[in-house]
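Listed next: structures, encoded as structure tokens.
Across the two complexes that follow, subunit A remains constant while its partner is subunit B and subsequently subunit C.
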Partner chain A sequence: MTALTKRLSQLKSGAGGENAGLLVMLAVLVLVFSIASPRFLTGANLGSMGFQMPLLGLLTLAMLAPILSGGLNLAIVYTANICGLTLAWTIMQFGGAEAGIGAFILGGVLAMIVGAIAGAVMGAVVAYVGAHPILVSLAMMIFLRGLGEFLTRGGDISGFPDYMRVLGHGELAGIPVPLILFGLIAFGWHVLLRRTPHGFSVYMTGSNMKATEYAGLNAKRTLVLIYTLSGLLCAIAGILMAARFNSVRVGHGEAMLLITVLACFLGGIDPFGGHGRVAPVILALIILQVLSSGLNLIGANQHLATAVWGLFLIAVMVLRSDQIRQMVNFFSRKDI
Partner chain B sequence: MTTASAERFALRLHKVSKAFGGVQALNKVDFEVRAGEVHCLAGENGCGKSTLIKVVTGVHRPESADLIELFGQRIDRITPVQARELGVSVIWQDLALFPHMSVAENIAFDDLVGLRPKSVRYGEMTTRAGKVLERLGVRMELGAPLHSLPIAQRQVVAIARALMNDAKLIFMDEPTASLTQSETDRLLDIVRKLSAQGVAIVFVSHRLAEVLEIAERVTVVRDGNLVGVYPTEGMTQARLGELMTGHHIENDVSARDLPDAPVAFQARGLSRHGEFHDVDLTIKAGEVVGLTGLIGAGRTELAHVMMGMRRADSGDMQLNGAPYRPKSVRAAIEQGMAYVSEDRLSLGLLQKQSIADNTVISVLRKLTSVTGLISESRKADLVRHWIKELGVKIGAPEDPISTLSGGNQQKVVLAKWLATDPKLLILDSPTVGVDVGARAGIFRIVRQLADEGLAILLISDEVTEVMHNSDRILHMADGRIQQEYDPRTISVPQLEERIYA
Partner chain C sequence: MKKFTGLVSALALTVGFASASFAETSMGIVVKIGGIPWFNAMEDGIKRRADELGVEAEMIGPVSADPALQVQAIEDLIAKGVDVIGVVPNDEAALEPVLKKARDAGIVVISHEGPGLENVDWNFELASADGFGEAHAQLLSDKVSEGGKYAVYVGSLTVPLHNAWADAAIAWMKENRPDLEIVGDRYGVAENVDDSRSTALDLIAANPDLKGFLAFGSQGPIGAGRAVEERRKTGDIHVMGPFSPGQGRKMIHSGVLTGGYMWNPAQAGEVFVTLGNMLANGETVEAGADIPGLGVVNPDVEARDIITDNLLEINKDTVDELAEKGL
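Right after this comes the complex of A and B.
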């Protein structure tokens, strides 16, 4: 009893507690699934998880920073799609599957510019017009979707050069290339948010923009920059998506939008901004991936996995509530 | 029911005790309020005032009590519902109103949420709300959404709501903390009117001047113990402050002459349309200049221009002899300006963030190393230095700032600005919501800073505060500096008369 309550009390928010609680959850899930399916703890399964998670991970990081700044970026998936299209068109211009590596680099750079612009526009409107980030990013999402569908006529573009497979399916020293990419970016994101004055300003802006400006920080510039970086991450996600699926279509990955929000909140990000860290969000992503892969292995329907994610989030919120915390404190009292 | 005490006392508590964990919040405290009396409950933060109110309203159940009696009726165990039905009402500092509902809806709210579902009769509701406001002698747009009203009027709405529930004993928690002097005077008028109508008012306030003005008797509580019950007649602010804190508080005019000090800040002919006009202001290094006047006089607006938040239409400023024209708050800070905002809760501090982050927010540049990253050790050193320097009482630097008392929060605000190494410090109503003991502490720091050569502009509408802490006093009204006074040659009543005339 006491061991359990101790674990439960670690679910409380706060940097250390957040990680500890999520680690316990992860350990329990891994244990359950490896008992349920002998294939769970195999290299093949872990590898496939390592290929699947980075895409959702990059989009989650792109969602995380605007939430910390007190906003939201609902346009992440369509920004990624449009950036993917930018890359695809560039490659098609240079001969499609025959295109050289230069075409890919040019396309990648153009994609990142497009992503950054989409983000910067959102950030500028949020910061200088004072419009609500939900509305601004929703408008951007609809604009990008409409634009993309108009330009592609709803079809997809496929047939990329073989070397792009390395990015989407390659391994380096046994580790999936997408996972390496994600790891590097996540670390960069952590440093940016936790250690730089800019990141500090993101947290402050997220909890009270006006007071932040009164303290002499440039909250408006902070917002523009953070949405720009969010757009840039979307572009990288878009490039990765093209490499993994060998095709680009507007609407690809649409279902991931709300999952990224879920991962942020599961990772203890304050929905109203100002609090949260990268590491617990990554743990949350791993948990979601384990749930989905595990359920898949034991033969559950993919849609059921989505339902389980939802239930799981509700359970986490209940466990994190003050009432539960009081109960836990009550039961862990020494005099009982 | 019809004993003699029923007519004389609204409330009688005898030997009430309440502990939280190991902390004795109330220790055998007696508290009596006569019917129709204005009674003040005085004491520093954490002395047990709130606990006492919560015992009366049935929120907390006391461990022991010899007697709890409301309107002559002995009660063994009060519940919040029972307390309300008997006519006890509390107006907390945050008012607990609904910003998006209308004035009438807010006043009649408790009628609207009856147990049985019923349709809302807006006509009747408005009439009744109007009648209650009439009783207070206040006119107000009944259909206006609450958030469109200034805080002083919201306060009146909260009082009206209590009266709608036939309150006969109203506790008011720091009702004047965010009001200006003239708004306070109007509120005190309403309190007197209620008292004349037989409603007993228990007034909780840090502002001793108004406590002495409004209350007939004052009950002083310190560290959960009853210090005593005193008539306000013959009581002085100094004596009351001593009773509350348990030690002597210096409250003398401390003005000095600084003939040789260099000029730190100078403004000439500074104007901003509709806010202030033709302001000349000189502050010497080491000087504390008091700026007082009614709200709307243009004091805060002037400070905002000095701080680079808005731009002046005409006139010029000089800082340390060089032309000073800040384009942003950042530029102002870089040139040596610091501004303690009058609104600590939403502008001065980031309530959700930690003590440490709030301390370093304006000096991030000093914390970054060559890599552009914030050095955690430098940050910790800086925070530790200022916490110690200003004697801020904290748990851990990582705790949210909202866990601190008003006085300690204000010290963190000071720390934040002192870390920027300012030349001129603007203090805009620095003691709002800060209790007596902590006020003295803050002004001790201010005095010390001035002695070290910092120029200070002290903006306040508390005349005594300006009198006791300034070297010179400027009176501002209608956007103009009207007159300069020497605190040594004018008395508080004289100055008050000039300001409120």
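Right after this comes the complex of A and C.
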């Protein structure tokens, strides 16, 4: 029995267990797809996946931090759209396709400011008014969507300078530029959450906000800050989206909202906040991308891909439950 | 974990059977959204024509009409190394970079309903704006023998395509039927069935010599038809325009709706495959060439557009068949 408890606690506490499980899943998927299609393990396909994943990845990281703090940010996609519009608008003011690199930098900074403000407002309402994060971010999502549709009349802004293509479609030493960007940001996000006082505060707030406050941490400020950072990340996603599509429109990428939630939970983030790490979430993202590209490569139906993703999530939840673990451990005991 | 991996491999293997062997020419066609009747019909056309020509063609229908999903699907097709990519764009501008990437990789790119796209080998249309408008005007002219008035609906005053149809129809009427006069200007109500109906009731009351409605916009003919039915003017006032055959089936049979035109998505699917196969084999599209599914073409080389008039008439004889297909 002691062995069992030890094993259990090991499994529960160890992010190693989390990663190992996901790594096995990934390995199996890669194996199956490379048997099913000779083109799966080619540079072209890996490159294509490397270009596709960062956008979803950035949005997922933007979703991850609020979930860790016990909330949710449903406004990520529309925040990204509005920030993209800010960038596009700035570039248009400086002559559209002829705009210099300075216009892009100014637009990027403005976009990040807009994203941070959108996030900060949400964080402040969640922290100081005490409204539920789902309601607050839903309201923000509706507001940003309406605002964007009003400003653009539902149309798009397109025609950006050529150098923006490098950000969206370029390669550096054979590695897609978006992937490099994503790698850097993910690493920064990991350090921020695991190695800084603010990150500690986020986990504590997510576990128990009252206790955190009694312990002398400023939980409210933490919440405002985490939503602000989430908004900032949305802005970067919005800039990347503008570079990849060479156009900005409210509604680009809206299909990704729920997939970011899926990626977070698949990566072992506690839906009630307080537990979870960045690394398994990135593994989960890679798994989702492998599934999506792999199914496309073998020519499976798109709707089937969605169904498979859903099944994955259910399967993961079943396998993660304590009951299953105890059963597995019970039957794998050698002394009966 | 074992059980889990078992599940994973079983799933992946099941879908693995969907993969077919490599044929000579392979193509992938990315449409706006999967699972709706319009694109299901297009997929039928693609499969049928691919079987006839012995090429491999698949249709990818994203789960929502999000341009981001179309970009991903096209990137996967480039990675897959297909010879031809076809696309029915949700948002032309968002696809330009990825289509450029495809063409740089030596892939033939064909689009449908994307006249503004630049990074394509050819864009084809089964209905020209002028031809579509004129066909409806002609239908009205055939039905109404004596002089009088007619009204024109568009979906909204800001829908470019509907207004182009209306322009062409009104110009044709002015030239060929000076005895038929337009009532007011056009009315931007045809996306809404109730607005179409109430506007039609007002117009019928105000103009005793009203003879017909030209309604461009999917709900316009339905709404105007209901008004005509309510006022018991069936046969006196004719209603025509493009509409969904399933929705207007009963009204066509009762004679309230005269009919209209549409283009056939299955035919568009066939043209994708035919044209893709031609271009992949190094053939070129010349003026006067007879391409199956398109007829004799007169391509606009400058804008890379092939615009034809392959209209499909919706009337008492064809509506049932079209509605059966779920269109």
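Here is the rule we use: the second predicted complex is superposed on the first by the 320 of 336 C-alpha atoms of A that agree within 3 Å, B and C clash if a C-alpha of one lies under 4 Å from a C-alpha of the other, contacts with A are read in each partner's own complex, and residues count from 1 in each chain.
Throughout what follows, a residue touches a chain if its C-beta (ideal position, glycine included) is under 8 Å from a C-beta of that chain, and two chains touch if they have at least 3 such contacts.
As the structure is a computational prediction, the values presented were derived from the model and not from experiment.
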Overlay on subunit A: subunit C relative to subunit B, clash or fit: fit
Partner chain in contact with A:151 - subunit B first, subunit C second, else both or neither: neither
Touched partner set for A:105, first subunit B, second subunit C, both or neither: neither
Subunit B versus subunit C as contact partner of A:296, first or second or both or neither: second
Which superposed partner A:32 touches (first subunit B, second subunit C, both, neither): second
Touched partner set for A:241, first subunit B, second subunit C, both or neither: second
Partner with the higher number of touched subunit A residues, subunit C or subunit B: C
Which of subunit B and subunit C A:256 touches, first, second, both or neither: second
First, second, both or neither for A:218, with subunit B first and subunit C second: first
Smallest separation in angstrom, by C-alpha atoms, between subunit B and subunit C in the superposition: 24
Set intersection of subunit A contacts, subunit C complex versus subunit B complex: none
Subunit A residues touching subunit B - in the complex, by the definition given at the top: 191, 195-197, 200-201, 203-204, 207-208, 210-218, 270, 274-275
Contact set on subunit C toward subunit A in their complex: 1, 3-5, 7-9, 11-13, 15-16, 18-20, 34-35, 58, 60-64, 66-69, 71-73, 75-81, 91, 93-97, 101
Subunit B to subunit A touching residues, read off their complex: 309, 328-330, 332-333, 339, 341, 346-353, 357, 361-362, 364-365, 367-368, 372-374, 416, 420
Interface residues, subunit A side, partner subunit C - complex: 21, 24-25, 28-29, 32-33, 35-37, 39, 42, 44-45, 47-49, 51-52, 55, 156, 158-159, 165, 168-169, 241, 244-247, 249, 251-256, 292-306, 308, 311-312, 315, 319
